[in-house]
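Worksheet: the structure to be examined is printed underneath.
As written, the chains take the letters A, B, C, D, E, F, G, H, I, J, K and L, and residue 1 is the first residue of each chain.
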Amino acid sequence: MKVLVINGPNLNLLGKREPGVYGTQTLQSINDKLATQAHQLDVEISFYQSNHEGGLIDKLHEAMDTQDGVILNAGAYTHTSIALRDAIAAIKIPVVEVHLSNVHAREEFRHHSCISPVCAGVICGFGANSYSLALQALVSGNQ
Amino acid sequence: MKVLVINGPNLNLLGKREPGVYGTQTLQSINDKLATQAHQLDVEISFYQSNHEGGLIDKLHEAMDTQDGVILNAGAYTHTSIALRDAIAAIKIPVVEVHLSNVHAREEFRHHSCISPVCAGVICGFGANSYSLALQALVSGNQ
Amino acid sequence: MKVLVINGPNLNLLGKREPGVYGTQTLQSINDKLATQAHQLDVEISFYQSNHEGGLIDKLHEAMDTQDGVILNAGAYTHTSIALRDAIAAIKIPVVEVHLSNVHAREEFRHHSCISPVCAGVICGFGANSYSLALQALVSGNQ
Amino acid sequence: MKVLVINGPNLNLLGKREPGVYGTQTLQSINDKLATQAHQLDVEISFYQSNHEGGLIDKLHEAMDTQDGVILNAGAYTHTSIALRDAIAAIKIPVVEVHLSNVHAREEFRHHSCISPVCAGVICGFGANSYSLALQALVSGNQ
Amino acid sequence: MKVLVINGPNLNLLGKREPGVYGTQTLQSINDKLATQAHQLDVEISFYQSNHEGGLIDKLHEAMDTQDGVILNAGAYTHTSIALRDAIAAIKIPVVEVHLSNVHAREEFRHHSCISPVCAGVICGFGANSYSLALQALVSGNQ
Amino acid sequence: MKVLVINGPNLNLLGKREPGVYGTQTLQSINDKLATQAHQLDVEISFYQSNHEGGLIDKLHEAMDTQDGVILNAGAYTHTSIALRDAIAAIKIPVVEVHLSNVHAREEFRHHSCISPVCAGVICGFGANSYSLALQALVSGNQ
Amino acid sequence: MKVLVINGPNLNLLGKREPGVYGTQTLQSINDKLATQAHQLDVEISFYQSNHEGGLIDKLHEAMDTQDGVILNAGAYTHTSIALRDAIAAIKIPVVEVHLSNVHAREEFRHHSCISPVCAGVICGFGANSYSLALQALVSGNQ
Amino acid sequence: MKVLVINGPNLNLLGKREPGVYGTQTLQSINDKLATQAHQLDVEISFYQSNHEGGLIDKLHEAMDTQDGVILNAGAYTHTSIALRDAIAAIKIPVVEVHLSNVHAREEFRHHSCISPVCAGVICGFGANSYSLALQALVSGNQ
Amino acid sequence: MKVLVINGPNLNLLGKREPGVYGTQTLQSINDKLATQAHQLDVEISFYQSNHEGGLIDKLHEAMDTQDGVILNAGAYTHTSIALRDAIAAIKIPVVEVHLSNVHAREEFRHHSCISPVCAGVICGFGANSYSLALQALVSGNQ
Amino acid sequence: MKVLVINGPNLNLLGKREPGVYGTQTLQSINDKLATQAHQLDVEISFYQSNHEGGLIDKLHEAMDTQDGVILNAGAYTHTSIALRDAIAAIKIPVVEVHLSNVHAREEFRHHSCISPVCAGVICGFGANSYSLALQALVSGNQ
Amino acid sequence: MKVLVINGPNLNLLGKREPGVYGTQTLQSINDKLATQAHQLDVEISFYQSNHEGGLIDKLHEAMDTQDGVILNAGAYTHTSIALRDAIAAIKIPVVEVHLSNVHAREEFRHHSCISPVCAGVICGFGANSYSLALQALVSGNQ
Amino acid sequence: MKVLVINGPNLNLLGKREPGVYGTQTLQSINDKLATQAHQLDVEISFYQSNHEGGLIDKLHEAMDTQDGVILNAGAYTHTSIALRDAIAAIKIPVVEVHLSNVHAREEFRHHSCISPVCAGVICGFGANSYSLALQALVSGNQ
């Protein structure tokens, strides 16, 4: 099984950026832990981060024929990008939407997600653990 | 560790009710699988279902001093009950909100959750697996 | 043919409560007339009233396997209860929504019904006669 | 007792038009059945159909002094015509609003009725039977 | 100077219709009084009433080349007809919008006028006197 | 008969202020013409202008026992002042709302009037002539 | 004089629940103080608390014939329950709405009360003192 | 192939009406050009214009069995007529919605079309050329 | 203890103004009763009324250093004045918002208060008694 | 004459992506057909596709001095990009907005276009033919 | 060059009022610094503060013929006063809107400004420095 | 002190693009003037422009550790980009939002800024001078 983890805008700053909201782990350390977990689950995992909406779309297209599932933290594009939604709907593999923080406990404009309706499921609020649960969800769905 | 699983209105009909949306498993079979998983994780698990908003609130209050976490599928009360929200905010143990279906892919009125802002996190769209992931989330949070 | 008549919150006060809006008949006298009409139509009829949203849901579930149709005046829960809507959608027998008063001629918040979209049909504004027409509708639909 | 049945825009196409929504009966066959029922109830019945908002208003005015009640399926004008509402409020005889389909189970813009607040009552969702119930409602109200 | 007085839907019922709101004068008596006033002001006046939106539009088009001004009580079409608005904007002669009742003291849906922005001015709330003031306004504007 | 003409904020700048919208007459010249017209109609007329919401309210209170009617151009307070509305409702004499420009042909926020529902009537769009028509309306209402 | 004090959902947790918002007194200690005050005012007082909307409605109905007034803190049902509103409107005795906290200084969804329009009056923001003032209000109204 | 061109309210005034918005061609000259183009494409074309909503509906019904496609400029009824929408949905032949002006560059209330969702396609903003493109679209769709 | 009672626009007309809504007592008689009650409670009380928003603000500023609490009936400014809100937030002494009528039982636009969020508490619906309860609330809060 | 065809996000997946909505032709085959048509019309045509909002803007800027017109299918950016709108308004050559599907027959959020008001015209719902009609429109506009 | 600095409601309390939001400088000290800066720029500067909306309007009118520019901090009237907007539009000299705090980082109701559209420009969020920048802006604009 | 000036979409067209709105200066000439001013203030200044949302975010991240402040004209992304907002909130250096035109005097959709709440301050409406004032603001804040 092959899984791609995609992180959107500003997530490259994890650990540096508002640690009260997003925790003190860097994206690298989250990815490292996920890689270990993936190895144990016999999942081939890869990672991508971009601050460009178009970059995320390009990568999702690419995953269409090469991956079995995607874990997507689209950051702020979650709330504004219909283009991302269309990309997820267009590729046939399952995409799990994740968020580090509980977006529903934050500003009003973070409560709406453009992409949830076309994702397989949504996991939010468990910090780095959100990615880990998403990986388990993809593996379970595959069995 | 002790975890209580609370299911709200109409979830007693699982398996009978709109299987296209909610799947064909009964609540009993979901609970049985969860019990097995809990046993493996060394978690003491118990179950409660009610169609009464007040019943769910009473049970949450009771869990306050007896449980370490709650997995809550509040069914339709998710979208209408501020009283449930207040109950969750009042008790100090973590409550994980779960849904079988991807509520964001359904009617507009199911997109808003009164309780998300006061829950520890939200997991939706993975069928019976949503409960299983929630249990893992509670256990991870405890370690 | 078996039909259950369910009345929701405050309808037990009929005759006492705002007679200008709801008329002077008691719920008992409405039920008695309906029983007579049912007898003539060879319908086995029964009655239930509760001020508890959960009670109404429990009763609807129970009707699922024992009744051929339900006449439901959900009172104020008409306007607020998605849980009731889900219960109606879950059981497979036809449910006819009735109201004594013309709810559309009253306050704005009484114009929206959570349950209409999943009911077989709606009858409102004919006083006690609304129940009688609903019974005829269920009988006609059965022929 | 004299009753006029008024059908609004596009109802002349009944049977031809979207049978999945409106059924396969023609307006003529519905009227014929109503005429038979009226005869049994000793009601003098007449029929009018027009696609013109103004035509419906003219006819309602005419009914003012010649009829004891009106059964009105205003079709799409239900949702847009304040002029029709004013006509109903202006004439003193009872007008029963009917719809073949359950309008509340359809598009959002069909949920609002301009005329309900000034009608005697509303019946919707019972197909051709909606007219029949309306006739019974008018007759009952007269006794 | 030539002035046309156009009355829209339900205004033919004046005197009969809800006298509490619209007064007890008939349209004929209002027109007669206006005719007298017009005569004194040396204005050639004519009258038209229709319940048909299209009829009002046809008449406005006709007035384009034959009249110096129009007094228009569009009745309920005031609140819903963009077609009427376009007709008024299309013809070049001044149109004065009048209402018998103070529409702003009535239901919310009567507060919005589709046609006010393209009329020369608006006069409402003075009963039959509204027409008389509109005639004076047109005459003054012409001097 | 005694009539008070009240002008609200910025109307003291008439003639100076945006002549494209409000014309080139000063408030003084409008008042002078009104005084002449009042004299002809045997009306005792007086004038008041203030940029202070409280000043307009004080003056309306004062008019309560000393005037037979008020002509009120409340300027921008028309759109924001509930206090002014309450003052008009509190005094028992008729108040006619006037505007020089057709407020409905201007910005959206000028379409709503807080005071229209409690005024006797509304006249707008006829320039200085709006006041003149209002005076005639008050005199006619008195006969 | 007989007064019933009704407390709604989660108020049984007072003292335990978010003391920053609701203070540190338990419901029992508030009731004890009220009982003392009632005794001084020669009022026969009784108390009821429930987390069930239906339970609150049942109790209000019961009060109809046995009490002279009700002090009601409906908790979160304040913001969502039309059924409670209907119950208050149905019974004829005065009901005073109270809140411990100033609900208007909290989340947006706590600003709207379904029940205020049918209550005799509203008192909020004075902590346990809100109940005490409500008792005085009922006694004053009775004199 | 047979195509009917239907023009709605005020389009009979083309050339006379607001030439800045709608151009200086008359409807006759547009129709003449279309007739020439139709002739070249071997299409039998006919034309209809009415200011009556009901007239447009009647004509659409008539086209149902006699035409292969309709080009419809519904004028202002585009924005308000659900009845027209239902007529288009009811007849089975393709209807192409056209507008002379770019309605999206005009007032807010012209941005919403009631009929677009049931039309085959929409063409707007190309002046008289919009009709010509619509004819080509119908012909292409037929090949 | 020193308390200032501030009354806003139109409250000087109490007794004269819409007695059906506001009762028949004059402001003077309410103040006299309050003065008596204050004397009994050993409170030094003073009174201020103005129809000027700025006047109310000036007075609140003045109270900042001279009073221990304020009872404020801001009349219609309650619903529109953010400036008043800022004044209350700026001075540090407690301000109790009062209303004679139950504002929630009146027009929609009276349901929103700009000042509630920054007041110590709100009391409405008890007529002149609202002031009396507010005085008791301030005294209790001081002990 | 030189025309540039710009396709936005996800349109590179045409043929692969949701063929039920977008058809089975690839973007390449659509472009090939357009190239043939352009050749016949003596138009020099070129093509560009990007999933990057910024890329589309850069290309539009570039077209400013090198092209005579643009055919733009902005995909999902149609509904969210004010930056794209500004780019179209900034360059002076005509831009025709096209869509393969009838966007008005799809989800609510696809009904609003940020760019329509600044485009020369809009064509939607004719599949690949939409581009062809747009090309004809540009050519006609040039003659 | 002559510049008038106008401060609106509650700004007289600067230094005393919520220093966390508005800083600890008094209005006098801000004005003194501005006076020094004006002197260096060869600008004749004067100051006005009032809590009265009408007072601010009167002062703006007065500035019309005596000043070359105005720096206006309208305080809370910024968000509610259309009358102030009209005053600014009426006088011809440039008015720069300033705020001490970043109003967009505060409550929702402070995000809308009634006056921005008619001001020359807006500066907010720089504390006392906002006034200083505004003065520079006016001087630059004059050169 | 080091300051970076970032310009967003379409600002590279300055001078060419709608000079009526944005003036006739090119971005280069604005930057040159700013460079001169910076030199005088002993500020090390650099410039960046991109039409790519992701490019602006990347650049803001880069500035985090290398600059003391940022002047940001985000163009149309101001109104739509939450990702940009998050980037500004994530980096710790002050960002001043600037606009050439007075955005509040333009279309409704330009009145809302996603980024204002996290910027140090906002300056708009002064043309190229907006940048100059922003530079002074950053320098002043640093002293």
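Convention: a residue touches a chain if its C-beta (ideal position, glycine included) is under 8 Å from a C-beta of that chain, and two chains touch if they have at least 3 such contacts.
Model, not experiment: these values are computed from the prediction.
Fewest steps needed to get from subunit D to subunit I, stepping only to touching chains, is 3. Repeating the F-K interface with over half of its contact pairs identical by residue number, the matching pair from K-L, J-L or H-J is J-L.
Averaged Cα coordinates give subunit I a centre that lies 47 Å from the centre of subunit L.
Averaged Cα coordinates give subunit A a centre that lies 63 Å from the centre of subunit E. If you average the CA atoms of subunit D and of subunit H, the two centres end up 31 Å from each other.
Contacts with at least two other chains are made by residues 52-55, 80 of subunit A.
Chains that are in contact with each other form these pairs: A-B, A-J, A-L, B-C, B-G, C-D, C-G, D-E, D-H, E-F, E-H, F-I, F-K, G-I, H-J, I-K, J-L, K-L.
Across the complex, subunit H is touched by residues 102, 104-105, 111-113, 116-126, 129-130, 132-133, 136-137, 140-141 of subunit J.
Within the complex, the subunit K residues that touch subunit F are 52-55, 57-58, 61, 64, 80-83, 85-87, 89-91. Subunit F meets subunit K in the complex at residues 8-10, 12-13, 16-18, 50-55, 75-77, 79-80, 109-110.
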